[in-house]
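Below, chain A partners chain B and then partners chain C, in two separate complexes.
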Partner chain A sequence: MDTTSYNLPPAAERWQTRALIIGVVALVITAVIAFFSGSLTHSGEAGVAQGEAAAAAHGSTTFLAQFFRSYLVGFLFVTGISVGSLAILMLQHLSGGSWGLVIRRILEASTRTMPLLALMFIPIIFGIHSLYEWSHAEAVAADPILKHKSLYLNVPFFIGRAVFYFVVWGALAYFLNKWSREQDHTGDPRVKRQMQNLSGPGILLFGLTVTFAAVDWGMSLEPHWFSTIYGMLVMAAWGLTAMAFTITALVVLSRHDPMSHVYAPSHFHDLGKLLLAFVMIYAYFSFSQFLIIWSGDLPEETSWYLRRLRGGWELIGLAVVILHFALPFVLLLSRDVKRNARRLVLVALLVLVARVVDWIYLIAPASHQTEGHEQSLWPMLLLDFTTMFAATVGLGGIWLWFFLRQLRQQPLLPIGAPDLDKVLAAATTSQH
Partner chain B sequence: MQRVTNPHDDVAIHRTSPPVIEPGHTFGSVTDKISALTLRRRTPIGWYIGFTLSFMVAGMLMMTIAYLVMTGIGIWGNNVPVGWAFDIINFVWWIGIGHAGTLISAILLLLRQEWRTSINRFAEAMTLFAVASAGLFPLLHTGRPWLAYWLLPYPNTMGMWPQFRSPLMWDVFAVSTYATVSALFWYVGLIPDFATLRDRAKNRVFQIIYGMLALGWRGSARHWARYEATYLLLAGLATPLVLSVHTIVSLDFAVSVIPGWHATIFPPYFVAGAIYAGFAMVLTLTIPLRRFYGLEDFITVRHLRNMAKIMLATGLIVAYGYMTEAFMAWYSANTYEEYMILNRMRGPYAWAYWSLIFCNVIVPQLLWVKRVRHSTVALFLISLVVSVGMWLERFVILVTSLHRDFLVSSWGMYSPTVFDWSMFIGTIGLFFTLLFLFIRFLPIISIFEMRTLVPQAQAQINEEKGQA
Partner chain C sequence: MKKSTRPATYGLMAEFDDPSAVVAAAQKVYDEGYRSIDAYSPYPIEALSEAIGVHSTRMPLLVLIGGILGLIGGYAMQYYTHAIDYPIIVGGRPFHSWPSFIPITFETTVLGASLAAVFGMLALNGLPEPYHPVFNTPNFALASRDRFFIVIEAVDPKFDRDATAEFLRGLGSREVIDVEH
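Let's turn to the complex of A and B:
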């Protein structure tokens, strides 16, 4: 097969520049808005909601806190694309379905952004005191629960674990990419076996690292709270993000020349089914957690939901149910939506937006003091949404720039994979 | 792991997947071979022995039930604080075993996994018999099983209405739906084969019975079109049940506030455990069966290997559940949560906890090794170990969580009585009795679906594609 025929379209160069510009601008905007919001609350002006004043007194709505919280949302979203792609990549090596071959190069390019993500983690280390209550020695000393947890939740161990996660993810990504490239050049069938053999233990490592990363980065924002399903929830969230992103990338590529004849409705159909599966799995985990905590009604657990069911957050929660589950679920039931690339990409984009909203819902209320304040916290909410979306676009733009650079380095199809011809041929016959 | 030394030896690598049906079979030979098991071959002496033994054990179950109904559930070892014990352990164990059947028949059908074909009939039968065994326990635990209809919401003069917030209530609906859909799915799958048996039976009685069961099936194109649609619809209906039934079973525990029960991970962890136990049981039953009836052509190494892989994957999820429970118990900094896990590991039932870890976590790691996955003896032994492990898991969850809860003054111990055991072992007898009857009188492998795997069928499909 001709190697040159599966390259990234020339238009991609423009996308790359634009992504970088948008990313940097959005990140600057995040910082600026956060800065002004910080000065706003610092002055303690009248007219600011009482809850906000309380929050300011709590020392959480400073410029830095707002910025880092927003940054964390963006970081968790973007990391989800790469780490989720890593998991899907390993799953497709293990299951060997035809759906995997057409998206493999996109997944691989996503996983190759791991060094960038490791870099993006550095600001979080600087923001650790603004984000995590357990990082303050005096807070730990005053709180027996935090003292108990300090064996796990302490700054050096936190950073050490993060390094470990990135080493594991980076190593898995490195070998899978290296071998895939080898397969292109040599067509050696042993490589396929090699990738399979790594993927089994790889999935296991993925599960463990993501679980602890979820505890570290998300759950420990509210250090008293715990939920055993949280790790699985984040795995599903990241898988879903990666699936929706991959579909979007695939559809964009399918509109440009080298790939426009390659992808067939049957490919989109399979990916649409997977997207539906991820949408359902996430909803299942999320609802399980809610139902069990609601029903147990224990104070140490319900605090997490109480913060998310007051002061306007209850509407965001409802929006998550609709945007993240009900709407994509109903749309993806339709065979037509799944087979039609143009419609499928709309659902994928909806899911991506819903993922951002859901991350905001998971992260932002952690620092809001809503207990005892039944009045609206809409100004705070609006601020959160602006900076958090801007931060996501910012990190997302920079990530996309790096992703496109990676995507350019390889042909867009794994040309050395033994079954590629069969997959492409089957797709063209099923078109008729 | 296994390397092929010669890089040019492509064939060896592409052939690493054993076929789903051994070569050399035709439509005729498939039909002959499977239908002969019920119609032509003499009932093997082993069948009589197995059936008699199982039936005797089932008889023990009937005697236990009779004594139970006359005396009351006080004959069990249940006490305060361990108010739920063998009855629920066995219920969850059996229901879990059933799940593999539904997974194989419905989910693998929707995922177009053709290797499911030769094991689905058998696995579905296993599901039905497992659900039947499971259902006995909560039914008898009500104490007055003849009033079990009180669980249903119906207008009555007693002013009684079920508590819909209770997952025990959801269980009633989930399990009865599950039983109904599984039975329907199984029966619909059998219809074309009943017709085959009707046409091939020489005995007048069999002709009439199979004829009635075949519902007038003639195999016309219209029959097949409707049949395929029905079968797919039923598969679609059965798929969410795999998740929902065991999710609800897990909620029986998780919605409470008992440490060791109240954990948000319970739903996915129970579902994985159910599939794990189910595949272990399918392997336990399939391996001897294919040997005694010479079905190695139809149930190949590929089937066993794939089931072993699913077992390994779900086993790892279950192990993940144990790990998360232990970690979160510490991380929660909650005295009761921490005590619960320490009590499991070091308390009076530590033997059960560590045996469970050995059976469910350590032994199945052997399945990473390809040689083990391809050895029927090893698979058989591992599947037995996993079945024991999954039973122990429910024992640990039930008993260790209940016997020491918040107040030291209300702590207690639990030990099963002889009637707990006779009832549990009795249901195993019931299960095998039904299974032996099934093996004797119904085609244990789907004849018409196996025919689609034969090269002859593939040739026909290709021909039709060429014409279109």
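Let's turn to the complex of A and C:
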């Protein structure tokens, strides 16, 4: 087998530069819009939320609050691709199957962006006072619930936990990538066993770290509120993001030589089924949380939904139900859509956009005081969507640049994997 | 009389050793113009179904209809019992509490779709079928182990005992045999 034949197409060089330029420009745009909106809302414009006013009182301007909230949305989206890919990578080591072999190099390249993500986390440490109410000593002192939670929710521990998550994710990614490279060179069957043995406990570690990360980065934005399924929700969200991104990357590669001869409709079919499964599991977790809180009807739990069902957010919620569940679900039921790369990639892109909208829905209302502001919230909402989408494109572009650099380093198929010829056979029989 | 129009045999069966050979052969049989054909393999080979011209079935549509009926039926059942026939106040919630109807609606959707899948499959493939002529050939038991078979039925307008047998032998089969009724 000729190893040089599974390399990234030459066009990828151009994609890489473009991704970086778009990313940097989008981040600058985010900062500029956030800056002007900050001065607008500062001068007494309607739509100043109480949370922001509080943030301003604590010494940070609304400009910073808007910027960091947008940055957080982008960060959570992009981290989802890498950490979700890590989970799917471990899953395919455990389950086997040709769907896993064709996407393995894409997943591995995604997991190798972990150092970049750790770097991207640093601005969040600087923005901690703009983002998290519990980081202000006065706020904690005045609030018995926050005081009670301060043993967990305090700045040093928050940073320490983040370091721990990145160490765990980075270590898992490091060993899985190292052994996969070894397998390429030696074809040693023991390496496969080794990767399986790490992936079992790895999935467990993934579940624990993501649950805590979800509580830290997302749930603690509203520190009074709690939901035990929130960690699972973020796991499903990240898995879904990773799956949709991987399918997109695969379809782009399948349009260029040499990979256009490798991927078969059956591969896209399997990945489409997995995408459908992730779409459904996310809807399941999300609805479970809603149903339980709605049935319980307890004030400390319903506050989260009340903020998200007022002042325009109820329409965004409806959009999430349609774009994130109903539409992809109905489309992915069709066998033809799953087997046709061109159609499948459209669904995958829809899911990626829906993921950003959903992150905005999860993060942004946390700082909006919606009661009594029903009319004035629309400009705020528009502002949120502009800066948050821009920040996601910004971080996403920079991430994509780094991802493509990683993807270039190895052949696009795991050439040392023992059952690779089955994958290649699928491609040849489908050509009849 | 019915007996006289019935062909002397059920058809001809060709036996193959490996999956890619049977797919290639099936494609040639189809391209040659034979339509009353069938293929047998120990495990599902997607390309084989494609080769003998089975591109799509009505199954997905049946399952979809079953699912939609289950969805409507499940929701209607709950709406009727909780909001019309026997309304009880539970935890201060409205009679028509749609969020709490969703889990059962989901279950009845799955139920409707699976019932449609099982019975639709039986209706469309004609099972259970106590007798089938292909079992009259000695080697056919291997179709559930490691052999692959193509059968051209005698009712096919292009079927000619000798020419068809010759054609099948030319496709690289191990053996070509007559299938008795």
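As a convention for this text, the second predicted complex is superposed on the first by the 408 of 432 C-alpha atoms of A that agree within 3 Å, B and C clash if a C-alpha of one lies under 4 Å from a C-alpha of the other, contacts with A are read in each partner's own complex, and residues count from 1 in each chain.
In the analysis below, a contact is a pair of C-beta atoms (placed from the backbone, for glycine too) under 8 Å apart; a residue touches a chain by one contact, two chains touch by 3 or more.
Because the structure is a prediction, the values reported are computed rather than measured.
Q: Quick check on the chain A-based superposition: chain B and chain C, clash or fit?
A: Overlaying the two complexes on chain A (C-alpha atoms) leaves chain C and chain B clashing.
Q: Tell me the contact category for A:422 with respect to chain B and chain C: first, second, both or neither.
A: It touches nothing on chain B or chain C.
Q: Using the superposition described at the top, determine whether chain B or chain C touches more residues of chain A.
A: With both complexes superposed on chain A, more residues of chain A are touched by B.
Q: Considering only touches as defined above, state whether A:335 meets chain B (first), chain C (second), both or neither.
A: After superposing on A, A:335 lies in contact with chain C but is clear of chain B.
Q: If we overlay the two complexes on their shared chain A, which of chain B and chain C does A:129 touch? Say first, second, both or neither.
A: neither
Q: Counting only touches as set out at the top, which of chain B and chain C does A:256 meet: first, second, both, neither?
A: After superposing on A, A:256 lies clear of both chain B and chain C.
Q: After lining up the shared chain so the two structures overlap, which partner does A:295 touch, if you call chain B first and chain C second: first, second, both or neither?
A: In the superposition, A:295 contacts both chain B and chain C.
Q: Go through the superposed model and pick first if A:189 touches only chain B, second if only chain C, both, or neither.
A: In the superposed model, A:189 contacts chain B only, not chain C.
Q: Let me test your reading of the model: by the given contact rule, A:266 touches which partner, first (chain B), second (chain C), both or neither?
A: Only chain C; A:266 stays clear of chain B.
Q: After lining up the shared chain so the two structures overlap, which partner does A:207 touch, if you call chain B first and chain C second: first, second, both or neither?
A: first
Q: Can you tell me which of the listed chain B stretches (8-16, 62-70 or 224-232) runs into chain C once everything is aligned on A?
A: The superposed arrangement places chain B into chain C at 224-232.
Q: Which parts of chain A are touched by chain B and by chain C alike?
A: Of chain A, residues 291, 295, 297, 429 contact chain B in one complex and chain C in the other.
Q: Which residues, counting only chain A, touch chain C once they are in their complex?
A: Touch list, chain A to chain C: 266, 287, 290-291, 294-295, 297, 333-335, 429-430, 432.
Q: Of all residues in chain B, which touch chain A in the complex?
A: Checking each residue of chain B against chain A gives 1-4, 7, 10, 13-14, 16, 165, 243, 247, 251, 254-257, 262-268, 316, 320-321, 324-325, 328, 331-334, 368, 465.
Q: So in the complex, which bits of chain C are touching chain A?
A: 20, 23-24, 27, 46-47, 50-51, 60, 64, 91-93, 99-100, 102-103
Q: Chain B touches which residues of chain A in the complex?
A: Chain A residues touching chain B: 144-145, 148-149, 152, 188-190, 192-193, 197, 200, 204, 207-208, 211, 215, 224, 226-232, 284-285, 288-289, 291-293, 295-298, 300, 418, 429.
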